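Chains: A, B, C, D, E and F, in written order; residue numbering restarts at 1 for each.
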Amino acid sequence: MESVTQTDRMEWLAKAGVLAEALPFMRRYSGHPVVVKFGGHAMGEEGYIRRFAQDMVLLRQVGAKPVVVHGGGPQIGAMLDKLNIQSDFINGLRVTDADTITVVEMVLSGAINKSLVSAINDAGAKAVGISGKDADLIRAKRLKSDVDLGFVGEPTMVDTSVINALIAAELIPVIAPLARGKDGETLNINADTVSGAISASMQATRLLLLSDVPGIMDKHGQVIPEVSVSMAKQLITDGTISGGMIPKVETCIEAVEGGAEAAVILDGREAHAVLVELFTEHGIGTIITKDDK
Amino acid sequence: MESVTQTDRMEWLAKAGVLAEALPFMRRYSGHPVVVKFGGHAMGEEGYIRRFAQDMVLLRQVGAKPVVVHGGGPQIGAMLDKLNIQSDFINGLRVTDADTITVVEMVLSGAINKSLVSAINDAGAKAVGISGKDADLIRAKRLKSDVDLGFVGEPTMVDTSVINALIAAELIPVIAPLARGKDGETLNINADTVSGAISASMQATRLLLLSDVPGIMDKHGQVIPEVSVSMAKQLITDGTISGGMIPKVETCIEAVEGGAEAAVILDGREAHAVLVELFTEHGIGTIITKDDK
Amino acid sequence: MESVTQTDRMEWLAKAGVLAEALPFMRRYSGHPVVVKFGGHAMGEEGYIRRFAQDMVLLRQVGAKPVVVHGGGPQIGAMLDKLNIQSDFINGLRVTDADTITVVEMVLSGAINKSLVSAINDAGAKAVGISGKDADLIRAKRLKSDVDLGFVGEPTMVDTSVINALIAAELIPVIAPLARGKDGETLNINADTVSGAISASMQATRLLLLSDVPGIMDKHGQVIPEVSVSMAKQLITDGTISGGMIPKVETCIEAVEGGAEAAVILDGREAHAVLVELFTEHGIGTIITKDDK
Amino acid sequence: MESVTQTDRMEWLAKAGVLAEALPFMRRYSGHPVVVKFGGHAMGEEGYIRRFAQDMVLLRQVGAKPVVVHGGGPQIGAMLDKLNIQSDFINGLRVTDADTITVVEMVLSGAINKSLVSAINDAGAKAVGISGKDADLIRAKRLKSDVDLGFVGEPTMVDTSVINALIAAELIPVIAPLARGKDGETLNINADTVSGAISASMQATRLLLLSDVPGIMDKHGQVIPEVSVSMAKQLITDGTISGGMIPKVETCIEAVEGGAEAAVILDGREAHAVLVELFTEHGIGTIITKDDK
Amino acid sequence: MESVTQTDRMEWLAKAGVLAEALPFMRRYSGHPVVVKFGGHAMGEEGYIRRFAQDMVLLRQVGAKPVVVHGGGPQIGAMLDKLNIQSDFINGLRVTDADTITVVEMVLSGAINKSLVSAINDAGAKAVGISGKDADLIRAKRLKSDVDLGFVGEPTMVDTSVINALIAAELIPVIAPLARGKDGETLNINADTVSGAISASMQATRLLLLSDVPGIMDKHGQVIPEVSVSMAKQLITDGTISGGMIPKVETCIEAVEGGAEAAVILDGREAHAVLVELFTEHGIGTIITKDDK
Amino acid sequence: MESVTQTDRMEWLAKAGVLAEALPFMRRYSGHPVVVKFGGHAMGEEGYIRRFAQDMVLLRQVGAKPVVVHGGGPQIGAMLDKLNIQSDFINGLRVTDADTITVVEMVLSGAINKSLVSAINDAGAKAVGISGKDADLIRAKRLKSDVDLGFVGEPTMVDTSVINALIAAELIPVIAPLARGKDGETLNINADTVSGAISASMQATRLLLLSDVPGIMDKHGQVIPEVSVSMAKQLITDGTISGGMIPKVETCIEAVEGGAEAAVILDGREAHAVLVELFTEHGIGTIITKDDK
């Protein structure tokens, strides 16, 4: 038998207060799909992954339906180096020949996918790792581009029935961004693009793009908390949004225009970034919303 | 567009951390019935009720199945006074004649029950208030006693099918402690007793007795955090537990011996007492557990 | 071993014939909601309630879905007298101040509701008593009137999902005519009005208004067996329908125009009035039907 | 608009009273299978069949699960005469050669079965006529006998899954007493025997054997209302039960010993005999009950 | 222990290849209703029936939903002869008086229907034989004709809910072509017509008319493998299709125009004709398809 | 319009006959799990994989529940060579260090698994590729051995709920032989062992071990068609079974003793080996059956 101090008691009461404050947010997302893209850079540390995994389990515990899409650029590069396979980048996209796509698929589906699955299982849920090739989840065609990017694709059809089946069985789907192309060829698709397409197809309540930037910056280097779709387009036009942020924002716009309720760009390296975004008063990145919100 | 300070950010991250810490506790109670007795004295302030209602909604949101049983002694007394109906107490039990039981039922089923229902509805769930008479939830006989207590009963049969039906429809049952006696007479039962009987019948994972004491006190006036059933019996025998605490502890013992996993005596006037007890590392009252735990 | 006389035999055969005659009527109502308003005056005698309860159980037994709404004017008045709370009536509606609504709710939800539930349980089914506040069944606003009637309301929204859940669990809902108003205030609504609103919302096959009049009378004091909605409006216009019958008929008209198949005004003091109305060749009150019937 | 007389009103109220009296009986049989054997002689008049059909629909309407087994001796005899096929009877059983069984099956499955089905459909339910050969409902072997009875069988296996499927689809099964024997031969089984075997297999709440006798007679020619299984055996031993009544009583004994709750021998020519038996205070035939009832 | 020869092995591998080839065809019909009319002449030999029964079981095993409709002209004629009932034919339709329809129903529902059921049961599935009278599957009126054909009908309403219930219970429905006419009279309907009406009502993927002709012949006496609906009409107009083939083709046209995907006329005397038609590259009869196929 | 020759017709009829012959075998496996281990060597040619995929789809089409487990030894070796990672074999088991297990997982889960999934999808079903790590399908510990084999495991717990969920969603599970070990380490398990453990856990009707040997050979080099478990043990003892065949046979014995009905060792390089084994009169490998069969 041990007894407790008044200080302990105060701390516990404060914690309970935080839970109570989170309740309205939990109710908002309950029953709805939340698609989370967990990027290669955000996976950089063991601690990031462990906390991300807890966030996914908590999301599910409070009634939301998390769907994880992951990237893996840095890890792919490392493996290609080990195999002495050289690859070029054009506009941020890897030129992917036959040898490269083999390595890309192995690293994404065989290494990263399963390590995320294990992390989520360790956090207390049951995750199942698949790729866009499983159950014909994603059909794709080669990405149109000025130069030949090889086995790089863009989605032509998304059939989320396998995702729905996994969710119905109380499993958390973890998806590697690969797809079946014409004549059975394997195509690698940008993970942001995959998460956007799945968000639209599932009419997700949120698409969360976790990467290594804190959100859309204004001209003063401050994160803009919220923009509408049309405002976001304007910010691209006027140059406020530039460089690698442009495709991210375009993915968000497409997701929202395709049926997702809103999309958020946030920094996956923040501890429990997903929880902060979804379950506290103010989010931490930039949310892109419908115009008529 | 407004931006956020670093202090805000730190606070949000801290809150997210609290949520993440609560995850293993949420998972422990998920899918299981938690029976909560909310006592007359704990209902004394508007704020108590509002926070209690939030706790019930949160419990449900994270997957547990809350069942609320309420008392109402103070409110009954006030109404009896207004009606100039005098009533005596013997061993803490109200002598209840025909006029009194009519008032007791009206106050419990008609006033307190519905105000709790409204508070829970306002907090975001859907509650349904019933009494032990609805759908024959509780059958009772007159309480055996040295003196004639009148229309005061003890349960003889508990059929929780109506509770299960309400839970299955995603509703939170709120139960007034009345039952049908022989020949259709209405009997008032102690709310602790009702919550204990329902806990046993449902094999609840927790019975929480919220009242106006912080738990079982040791000889030095410190709350004892945990006792086994046999230790609790010993504490009654040796006089450590005395007075009004004896029937509370006996209710807990009966609930645990009847099939509930554990029972907790705690102070319902603490803010979010239920959340502290269930979702933080250490509880705040006294938990009574099975001997072979 | 005892044997039977020929007279017994003849009587039994006659009874079987009555059952066989009722078959086509049973089939007509099978699977459909029948909303029954059981009024304060019709509850005046123990025998009325007992037979009414049998009728509800029989309705359910032969496949219909009875939903009971009850009033309670006389009992409320009696309790207000005991408490020395005075209340005035304007146009048949009680001016209801804060003290009064407290008593009204206690009497309706705590006394009458539960006694009806017990009577139905005794007759062999399982009834569950709720009020319009449970599970947000009815939202209301204050009734517009020339004078301030206080906490008297009219429905603004009816969500019958809790009724459907109870019916699905083979329970008979018994509903007290109270609702949640703005800012959580409790409002009393006329029981006829509540039963009409629920009938419309559930597209009931019948609304039965049981009160203490035999139906709509013609100029010669004879009950009119059937009128169409437009004919009923005409009878109000030409003064045939007058006084307290006007709001009853208007409730019926609104129910039918809102989607109920038909509404009947009948005398709840007749033995088994509901069975006579529904399961014999000719009904006993006045049925108000759609024009295009 | 027509009005009603006081006499009408009294008659209707009396009818409603009969319905109310029947309620406890309806509840007793609700949800349970009731197997009814409708015999060849009881089918003798159009009126018998029409009322029997109404009884089956009513049984179903009030929640019981009627299963009909029919005989057809007289009609088979008539058809055999038309075809100049001669057949002998030994101990009340028809010696059935290959030509005869062909006619027996046609008459039972093709004529009587479908006319019963049509009668029940006309009375308002949906009946489906099958024989023991459908879905392998009954497997049989040739009846052991001193003389060769030919294609006459006794059940060796009863699989009521097709009956359950029809009941689940809210259909009333009507069964012709034929079965598949060894090597696919068709065997005719006594309809009493079939109904008894099905009653036992389904743990029916009642087996009703409708024929052309009023029940078991005592030595004074009075119908004995109720006997236990052991008493029935005694009455066979002491000769009170004799002749064609012996196999009927033995069928009842086997049904009850096999799991049916009780079996009744009654006169199917009485109007609505089934309703009288099941839904009035006293039955009209002889009920054979378990010893430990 | 016995070992196998190389020849055995080659044969088995060849058989496995046939199965593999059939896979795409199995997938095409999986989950869809296939209505098969099995005609009187095609039933002429025991072997025909046995193989037909195997085909039905295989159809079900690979996921299709077979529904069998049977005729029975030759067997009816034989029974009428035995009974010395004379019947005339007009335009291929039997003039059917009261005595005749009695025999027709007995032979179809009582003899042929049950022998088909037994054959399918022997082949390993569970079949249930019903007629159009069961559960009001088919309502009919007398066939309009220049002469009075008596109790010969044409469908006015098809309610396939009993078929769906049987299929849902994994049973194979076998249907005799009889229906209820006005005032409860029994009408015989051409089996082709019944199968066409059911095909249309169920939106069958195939109607297979098995008879004793190999299909529609061209002017050179060669079977035409496929015709569209409009081409079929043209072939009737130009006289290529003539005589008894005309009503068959018209039935197919009506089925396809009513919602069936295609209809096939083929020779039921060929071994496993149904399997050849459905599960090999080329069918063996004539398929009538939608114009816009 | 094209017509058909008599030769065509004969061939089609022969094919239909093969299908009909397969029917009893289809019925035997319908509704039951069939676990198929598809080995690394049997995957050597594109044609093998394509035909194997067809077999899996056919198995599912006729109602069985195929579960695929795959190996990948040769492909792993090739990748290790490319990466200049050397690995030793001890008793046929690869010594697997940290670098090696990373490659093993990538090749199995990322390359082979997905190519099998694509092949099955192309053949017309929907396959989902997972590993033993997904949804905690397999927990494992390091394989006990005289020498340290590193990250090589053996199953300690199999939870097939994810397999059941995929099957319930009409998906074909394809499983890579990896598992979670202590402290989250990844362990490679022999694919035969995994398929045996899953067969036992699912009480599979068959375990099919497809490899590159035709079965158990007797002393004369002839395949033994069938052995009981005890006979198989005897053949190991007496040396008839030796070398690499010993662990295969032991896996089969464990599967059968653990609850699988039978296990078969057969040559996966034979065309449609699975179909020959399951759907023709005689199997083509060696079947190991329970002793009491």
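One rule holds in what follows: a residue touches a chain if its C-beta (ideal position, glycine included) is under 8 Å from a C-beta of that chain, and two chains touch if they have at least 3 such contacts.
Treat the numbers as computed from the prediction; the structure is a model and nothing was measured.
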Minimum number of chain-to-chain touching steps separating subunit B from subunit F: 2
Centroid-based (C-alpha) most distant chain relative to subunit E: B
Per Cα centroids, the chain farthest from subunit D: A
Chain pair repeating A-F, as identified from E-F, B-C or A-B when over half of the contact pairs by residue number coincide: B-C
Where subunit C and subunit E are represented by their mean Cα positions, the distance between them in whole Å: 56
Separation of mean Cα positions, subunit D and subunit A [Å, integer]: 68
Chain centre separation in whole Å, for subunit E relative to subunit D (CA means): 35
For subunit E, residues that touch 2 or more chains besides their own: none
Chain contact topology (line, ring, star, complete or other): ring
Ring walk, subunit A to subunit F and onward: A, F, E, D, C, B
Contact footprint of subunit F on subunit A as seen in their complex: 79, 82-83, 102, 105-111, 113-114, 117-118, 121-122, 126-131, 133-136, 161-162, 165-166, 168-169, 171, 178, 180, 184, 186
Complex interface listing, subunit D residues touching subunit C: 1-4, 8-9, 12-13, 15-24, 26-27, 30, 51, 54-55, 57-58, 61-63, 123-124, 218, 222-227, 270-273, 275-276, 279-282, 284
